[in-house]
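Note that chain A is present in both complexes that follow, paired respectively with chain B and with chain C.
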Partner chain A sequence: MKYIFTIIITLLSIQAYSQPNAQDIIEKVDRNLSSKNRVFESKMIIHGKRGIREISSKSYSEGDKKSFTEYISPAREQGTKMLKLENQLWIYSPSTDRIIQISGHMLRQSVMGSDLSYEDMMDDRRLSDIYNSKVTGSEVVDMRNVWILELTANVDDVAYAKRKIWIDSERYVPLKEELYARGGQLLKRSTMSDIAYIGGRWFPKRVIYKDMLKQGDGTEFIITTIRFDIVIPEHLFSKASLKK
Partner chain B sequence: MKLAIKLAFKNLIGAGLRTWLNIIVLSFSFVIIIAAKGILVGWDRQAKNDMASWEIGGGQYWNEKYDPYDPFSLEEAHSQIPSEFSTGIGNGSMVPMLISQGTIYPEGRMLSILIKGIDPKQKLLELPTHYLDTAISAIPAIIGTNMAKSSGLKKGDYVTLRWRDSKGTFDAADIFVAGIFVTNVPTVDVGQIWIPLERLQNMLSMPREATVITFKDINAERKETSDWELMTFDTLVREIEEMIKTKSTAQSIFYIILLILALLAVFDTQVLSIFRRQKEIGTYVALGYTKAEVVWLFTIEGAMYAILAAVAGSIYGIPLLMWFASNGISLGASSADYGFAIAETMYPVYSISLITGTTLAVLAATTVVSYWPSRKISKMSPTEALRGKIQ
Partner chain C sequence: MIKFLFKGLIRDKSRSLIPFAVVAIGVMLAVFMRGYINGIMVDMIEQTARFNTGHVKVVTKAYAENISQMPADLSILEASELKNSLGEKFPEMEWECRIKFGGLIDVPDQSGETRSQGTAMGIGLDLLSTGSTEASRLNLTKSLVRGGLPDSPGEILISELFSNKLGVNPGDKVTLISSTMNGSMTFYNLTVAGTVRFGNTALDRGSIIADISDVRAALDMFDAAGEIVGFFPMGYYDDEIARSVLDKFNKELPDQSGEFSPVMLRLRDQEGLSLYVDLTKTMGMIITLLFMTAMSLVLWNAGLLGGLRRYGEIGIRIAIGEEKNHIYKSMIYESIIIGVAGTVAGTAAGLGLSWLMQTYGLDISEFTKNATTGIMMPDVVKARITLPDFYIGFIPGVISTVAGTMLSGIGIYKRKTAALFKELEA
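Let's look at the complex of A and B:
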């Protein structure tokens, strides 16, 4: 009896030791994903009901408050620029030669017909600030050991009341994420792959976003090149740069 | 005067086929103008009746931030139902509605819609809200036929609805299509679903709130109240009135062309008559007629075309227009195609003022057209006319 009790205590201790604190995991993920600044080129492949569209862009971002994106192709989108400063977003369209501020409900519209909304791109609050998190288990995803984290909103003004994130237990990179409605219905799922070691951090180069209520194979977001912590001229993050 | 009318009539009948051709052409103008105007009057009446029965009742109170043409304003357009309306809501003479935006996913397609909450027990509007008074786990909903067509939904179908609550948090649940209604009012049908008010208030975390409050009595004196703007029946139907007015103006161009063609024939006949009947004119003067009396005679002769055309038009026009009024005219398109209240079958309305007004207008125009060439008579030399010399 004494032995059995000792074994149980030992097993529980190992479990407690091997399952780290959810907050620590999220912080480690943040360290991988966020950077002082970054410049990347990407492709967005939208798998719609009527076919596939591919949109290429080049983005510059500083922290999580400032970003500037210029669309390179297709010809129809070429020259379209997007500027995000704090919680404001402007879009410049070369065909109309106008700068439009995207605000209010317009933020809820889809970005160029993709499964992503402007708001999804805008929400820059740290997950640890708006969600309570706990580790609910472990699993193997893409032959990698992952922690499963469940995040429940602790503020009212949040788009998704619940999130579930599968985080690589060695590299601290999310491999899968599910976003849930208040009533518990799965709304969106994103899967990350092509994890690469770039500039001293693990980073997913391919993300597939899928609106789970909609038909279609979702939107693929592929980073073709990425550079971290390089100097970006400050004038780029201004409205004047949109028309240049 | 009597003699002039008698003479004019005899002259007209004596002219034979030419007279009848003029009369037939003019009678077509009569009948077509009355028929077309009757459609617009019928449409105006039907549109207002349908709007009152299905949507606006005797008028509405709108939340001050509500703008039906700006879906982005809906997020803010809601507030607590004023306590002074409690009695009206209790006795069924007022119906509150809450409006929000949402998305449905019929067969995986994404469709942005308006979610409208209404009391299932209301009797003020013709919406069959009794279908909403059902106890099922899904949200019971009613939709119009246009909405059913565009979404591919049928009675008894389930579909996922996604919405955001007052704080912006997503939520989703299944709705059950409990009933499909047929209406001529697209503003209660196209791109929207109706669900129980209380359920929507809970879904959006907006207890006891509404966007629009419809009232029954059109004549009761009402005042604006804080957060709520009074929209009288006249204000709410003004748009359709203006649209019909625009249509009427556009149609007038068509009437004018039609009338000009008919009047051109009358004018032409008059010019020809005066030219060919110079001896007759000279004889009248020789018999003691003054020039003004001869002008009057010819003018009456011309104006008589309009009277005879009215008689001829009534022979085939009355049965034809009565048939249209009772059987209606099928436009072959639904109200959704137009975006405003319009029935698939339009029943024209021919008022006394419409018929009298049109008759007098055509009579006046014909008289003027007849008088115009007759003025030449006053410049004629009677002796030359009597000798039949061309002047």
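Let's look at the complex of A and C:
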């Protein structure tokens, strides 16, 4: 009897040891996904109901407070620029030569018809800062062992009150994510792939987003080039740079 | 005999004046009420048709399922080809491409920053093509308050109330912020050409009207249209014609299973208008029936009273040998004369009142300002004089009068010659 008890205690200890603290996992994920600054070029392939569209852009971001994006193609979107400063977002439209602030319900609009909203683009905060997390299980995704984490927002100003994330247990990058409304409704689903080791961190270069409330087959977000922690001129993060 | 009876009626005012007045007033009310209610119903239907539903409308199947959301992404592609095809199949009808959209109108200040902003509902229609009838169909020239109609690309009309709210005047530049057919946010500069008052609170609250080519450019909808609306040549909705047009359309396009297959909707299939269409068809009959019943009761009573008042006269006429049948017939002829005269006078008065109501209308905007239905209730309700108004009054006016007299005149046959002198002595 004493031996059986010892074996059970030992097994439980191993289990507790092999399932790390959820907060630790999220912080490791944050270390991979967040950076002091980054510059990347990307393309969005939008699989709409009536066709496929491809949109290219170049983005600069500094921490989670400042970002600047310029759309490169197609011709209709070329020259459109977006500037995020703190929690404000402006868009410059070259055809109207106007800078218009996006606020309120407009933030929930789709970015260029994709499955991403302006709100999604705005929120770059570290997950560990705004969510409480717990490990709910583990499974295998794309032949990788993953932890399944459930995140519950601990602040009010978040787009998604709950998240369920499948995190690679070795590389600490999400491989799958589900985003939920406060009422429990599944709003978006994303899957990450092409995980690359760049600048000392693991980073997914291809994400497929699917807005569950929208028709169509989702949006592929592919990072073609990315550089971390490089010097970005400060003047880029100003409204004056939008019209340049 | 008619001349004799007519002279009698003219000379004995007590025999003619009250029944004449009753018939005239009753017919006047019947004619006026019919014109008035017909006006309201037809105005509601036609205003909704002109701005919203058309007499028939062709949309994609997916658009029809979400029509209240005006989903631009489910619009008809290659709309010109479909419009031409509809024109060939139904040459007697007018077909127009339209795009309904929502968005924000942003007014810049001198430095280009937002000065004011408001939510707008927009309609893109053909304003600039030569020979387009859309501006006259929507009565835009008469609705103008300031400025003029758009006469070049990039110009829009804006409702007067909305322009006051935004603080814009004709000539000012505004930016439309909306979503393209693909769901991208879009910005498009437009110039206010003029302001209009639609006479409908829902429209006046925040509407813009632009040429469809501008809307297509703004919303990235090349050769696309949300809807292709069709109008009958006689200018008003006819349910039977709509049914035959729909049958022919379905026969020509039997496969409508695809999500983006074009489907046709009749006016009655949209915005819960079927009840109104049915009511309009039967309204004349309902009003006539109601007034006939009411007037028959009134005129029966008038006839009874007349019979009682003329009790002595009829007694003398029987006593001096006039046949009861002859008396009964003469009373019916008298009632026909009074009925016809009263109906003519009542119809003239009813048509006069209807004309006033048709010309000046009645402002009911206080009651409709919070209306949220898809049916467009005009702010000023007007009567509508139609051909049946000229003869519909004869049904209650003559038939009820004669029926009343026939009923009350039965008493003549109950009079006994032997008792007549006793009655006369009394």
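We take it that the second predicted complex is superposed on the first by the 239 of 244 C-alpha atoms of A that agree within 3 Å, B and C clash if a C-alpha of one lies under 4 Å from a C-alpha of the other, contacts with A are read in each partner's own complex, and residues count from 1 in each chain.
Methods note: a residue touches a chain if its C-beta (ideal position, glycine included) is under 8 Å from a C-beta of that chain, and two chains touch if they have at least 3 such contacts.
Note that this is a predicted model, so its numbers are computed, not measured.
Trainee: Using the superposition on chain A, tell me whether chain B and chain C clash or fit.
Mentor: Partners clash after overlay.
Trainee: Figure out whether A:Arg76 sits in contact with chain B (first) or chain C (second), or with both, or with neither.
Mentor: Only chain C is touched by A:Arg76; chain B is not.
Trainee: Have a look at where A:Arg182 lands relative to chain B and chain C in the superposition and call it first, second, both or neither.
Mentor: After superposition on chain A, A:Arg182 lies in contact with chain B alone.
Trainee: Where does A:Leu213 make contact in the superposed view: on chain B (first), on chain C (second), on both, or on neither?
Mentor: The answer is first: A:Leu213 touches chain B but not chain C.
Trainee: Figure out whether A:Val158 sits in contact with chain B (first) or chain C (second), or with both, or with neither.
Mentor: Once the two structures are laid over each other on A, A:Val158 reaches chain B alone.
Trainee: Contact-wise, after the overlay, does A:Met112 reach chain B, chain C, both or neither (first, second, both, neither)?
Mentor: second
Trainee: After superposing on chain A, which of these stretches of chain B ends up overlapping chain C: 150-158, 168-176 or 222-230?
Mentor: Looking at 150-158, 168-176 or 222-230, the stretch of chain B that collides with chain C is 150-158.
Trainee: Find the residues of chain A that appear in the contact set with chain B and again in the contact set with chain C.
Mentor: 49, 106, 214-215
Trainee: How about chain A: which of its residues touch chain C in the complex?
Mentor: The touching residues are 46, 48-50, 53, 76-77, 91, 93, 95-102, 106, 109-114, 214-215.
Trainee: What part of chain A is in contact with chain B in the complex they form?
Mentor: Touching chain B from chain A are residues 49, 104-106, 108, 153, 156-161, 179, 181-183, 185, 187, 211, 213-216.
Trainee: Residues of chain C touching chain A in their complex?
Mentor: Where chain C meets chain A, its residues are 73-74, 77, 104, 106, 108, 112-114, 175, 177, 179-180, 182-189, 220, 259-260.
Trainee: For chain B, which residues are in contact with chain A within the complex?
Mentor: Listed in rising order, the residues of chain B that touch chain A are 71-72, 74-75, 101, 103, 105, 107-110, 160, 162, 164-165, 167-173.
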